[in-house]
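Can you read through this structure? Questions will come right after.
Letters A, B, C and D mark the chains in the order given here, with residues in each chain numbered from 1 onward.
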């Protein structure tokens, strides 16, 4: 594609002139089983084939940014949990690191390791949901419950660590809220040993199932230029073969110490950048996360994780854009401080927001069933889109 | 390219547009004038081989007190460099040329800024509210925004329900 | 043609593999528990219902200030000079009558931000998660140990004290003003 | 009908003293009520089984509360709930068709029960074109779905209806063709005749005749019949992740329950047909097991196939519409044609 920005279509319809057809407008959502929340997509369809799709968002708007201006820096953290409620740890992390960089704060070594461990565990948990719900969108129900079975174990670990299963409020500015309890690190290791073989089971039942491949390969192809132009990031962009992972490209926390690969889509089952590739990137990333967790568990030092947590957060005036790699892509916090107790502005560049915006470009020409697959493969969380 | 080099190039090419460069800040930024050749500058940033800013990371609206503003965080996938552009516009009737056809990300982000700050983006293909309902009044992220009491007859402010349920 | 038969073969093979997985799981133990009959022991850090040990509360308002959703309401009355309210378990002297300490669990976001700043560790999150009610009002938990009459009496006392204080202050001001006036006159 | 009447006269000799019209009516009524009861009970058990099987396949337990032992009364409780539920008809719906659709579907699937051979002596209607009869009645189901989907005045329902019309009509063809393969062997469309031809143990069943030709025919029939009854991977008319609930979106309460009944009745019917045609019907698995009555074998085999249908449902994802059409026209139909050719060729030899 040249740099003109016409939305590409999958294939053009060939309808003879004398055939009288009529477009149908169809409102998919906000109450629909596979819009992953309260997303509405206004579809113009010709039979089962989609002519145009326009996402309508905002049904879950909770004024995060306005809230953030009215509470103190620390009190924003519980609110960040609620952005992407599937991967709260990663949301905490970006905000905390952003403020730490503004305050020029060193973070305790043990806390850094704990942060990486929980962030990667949460990445696995989030990708598991992505896998499961994607299977559900395609029509396979059973893998959905298998991934929940394994995600539960991660949540159990989190509950033991910080007491919450979903909205953790764990990563604080300057450290973490709780040190790991006795034996927790060993349990994490145990989990990685248990979990790795399970991925093969998902592959058996879903990933390499012929029907699943037929449904997902060559569907919803995002060419890399289009993906970048639309601001797609994370696994959705890597599925298109773009090597862009903030953990490698702009290492934050201590990600530069670990040995892991960036997974990109190679078009093994179809075209590069199709929904299967995006799905497969997530599966492969779980292996990488396991790798990181293992290394972190081996290298974690003793110490007091709360040592460097400041009593009062005083942020010097200025602004900073902190981007981290969450399971969904580049999560950016643009924080402006005026030196006061409350942030002057916290803008969230949510990955799913930009990822979803690519939908009108890739939806035309596919069938309704494929649209469901595309939305599923973008792995959106409406809490984050609507903020 | 470093921010300094980018600034030098831009200053040479668009002397009117580029107002100020700040390399002291944590993330160096270039202040631009929205009214003069802003769109052309963005096009140059995207299409020039040495610049090649193909990824608009973030586009945020800001309320600077008196003026409103927009901040562009650009990134180049090829060269892996980044730059921050800042724009200030008047509080009432502020206009910024839309870059939605350069970076499609800007489409939704500009709509969001229009929605929450009320900055108009000229030449935007579909400038309407995105997060709030279409008939919402006011732009909530402005610092001087006062929350209305009712929206279509629905009370917005939560009645103080301490001790009792809402009857 | 080769492709066609390979597709068919693959379809059948992968379907059989998938069926093998589900068949294996048909005979493995379920991982779920029968909730109301079987209950899981929650870890001690579990963040569920808030509990306040009022014997230790000194009414410092730290928790109320830390709360991001303002679900804690505290009302304090200063203790009189000759009143001894005792000490907390970690030895701090109690200086306040905490006549009102309400937590609205319906608003609570379970972030545990209130737990950390407490100087006497009297506010804690307990692993008790079964507190569903039919009336939202029942989620408002009153922790204060003062009865309504006692609280009202203390409030009355406080009002009187404040009034007395204000009166004294006013009298003092007046006296000062008079003195100044006198001085002015003298100077003139 | 004669065989059935004789069967009943044997059972209750008093009936033969009544005038013919009365005894025939009584027998007919009894059979109808019996079929209805059977469908209802089968649906109850089937839904319960489905829940339990899916539960255990997914590492959970399924319903455990109502009724005590493994929640056996759960579906009964659900039925009671459905019966007392408010009857909602969308305002803009075509009320007559909307009300009528579930019953058409149910009647069509129930009518197929008339020609199922339960044992050597008991078959409600012993038609000499029994198979043809079943095939033609069960294809009426699509009319019920189409009516329901159209009358709901809901776009999702309409999509479901259109999909099901296309799907069922297409899949009639491989169903019929694969049955023809077996018919070539038996040389009769009479259900009892087909079953009798398979006497003498498991290796005389049609499925092993001309091995593996009829085995493949059986597989083709089984796959196509899945599409006939809208089961995964061919559950496109319902497709809950795409079309909400397809043609059933607007239905609730009793009418919805009738759709459900019809679905399970259909599952049983197609399984019963494959049992009859391929798996030896009421014939025992080995001749010395003759003492176990025919209905046991018949039901057992049919239930086994129903279980496989459930197993598949909880394993597989769903196909897309065009892939569904691909499967029928480009895979199943050519294969069954090839089988017919081969079998007739061998027969001629």
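By our rule, a residue touches a chain if its C-beta (ideal position, glycine included) is under 8 Å from a C-beta of that chain, and two chains touch if they have at least 3 such contacts.
Predicted, not measured: the structure shown is a model, and the values here were computed from it.
S.K.: Centre of all protein Cα atoms: which chain's centre is nearest to it?
M.R.: That would be chain A.
S.K.: Of all the other chains, whose mean CA position lies farthest from subunit A?
M.R.: Greatest centre separation from subunit A goes to chain D.
S.K.: If you tally contacting C-beta pairs, which comes out ahead, A-D or C-D? Let me know.
M.R.: Counting C-beta pairs in contact for C-D and A-D gives the edge to A-D.
S.K.: Where the CA atoms of subunit B average out and where those of subunit D average out, how many Å apart are those spots?
M.R.: Measuring from centre to centre gives 61 Å for this pair.
S.K.: Determine the centre-to-centre distance between subunit A and subunit D, using the mean Cα coordinates as centres, and give it in whole Å.
M.R.: Here subunit A and subunit D have centroids separated by 44 Å.
S.K.: How far is the middle of subunit B from the middle of subunit C, if each middle is the mean of its Cα atoms, in Å?
M.R.: Using C-alpha averages as centres, the distance is 38 Å.
S.K.: Would you please write down the residue numbers of subunit C that are in contact with two or more other chains?
M.R.: If we look for residues of subunit C contacting two or more partner chains, we find 15, 18, 21-22, 25, 31.
S.K.: Using the touch definition from the top, which residues of subunit A touch two or more other chains?
M.R.: Within subunit A, residues 142, 146, 149, 205-206, 209, 211 contact more than one other chain.
S.K.: Can you list the subunit D residues touching subunit C in their complex?
M.R.: The touching residues are 53, 55-61, 64, 311-312, 314-316, 331.
S.K.: Could you please specify the touching residues of subunit C with respect to subunit A in the complex?
M.R.: Going by the criterion above, the answer is residues 7, 10-11, 13-15, 17-18, 20-22, 25, 31, 42-43, 45-47, 66-68, 109-113, 116, 125.
S.K.: Going by the contact rule set out above, which residues of subunit A touch subunit D in the complex?
M.R.: 24, 26, 32-34, 48, 135-142, 145-146, 149, 205-206, 209, 211-212, 214-215, 367-370, 372
S.K.: Mind pulling up the subunit B residues that touch subunit A in the complex?
M.R.: 25-27, 46-47, 54-58, 60-63, 71, 73, 77, 80, 84, 101-105, 107-108, 116, 129-133, 140-141, 143
S.K.: Given the complex with subunit B, which residues does subunit A contribute to the contact?
M.R.: 3, 5, 57-58, 61, 63, 65-66, 69, 101-102, 225, 228-231, 242, 244, 249, 318-321, 323, 330, 332, 334, 336, 345, 347, 349, 353-354, 357-358, 361, 386-387
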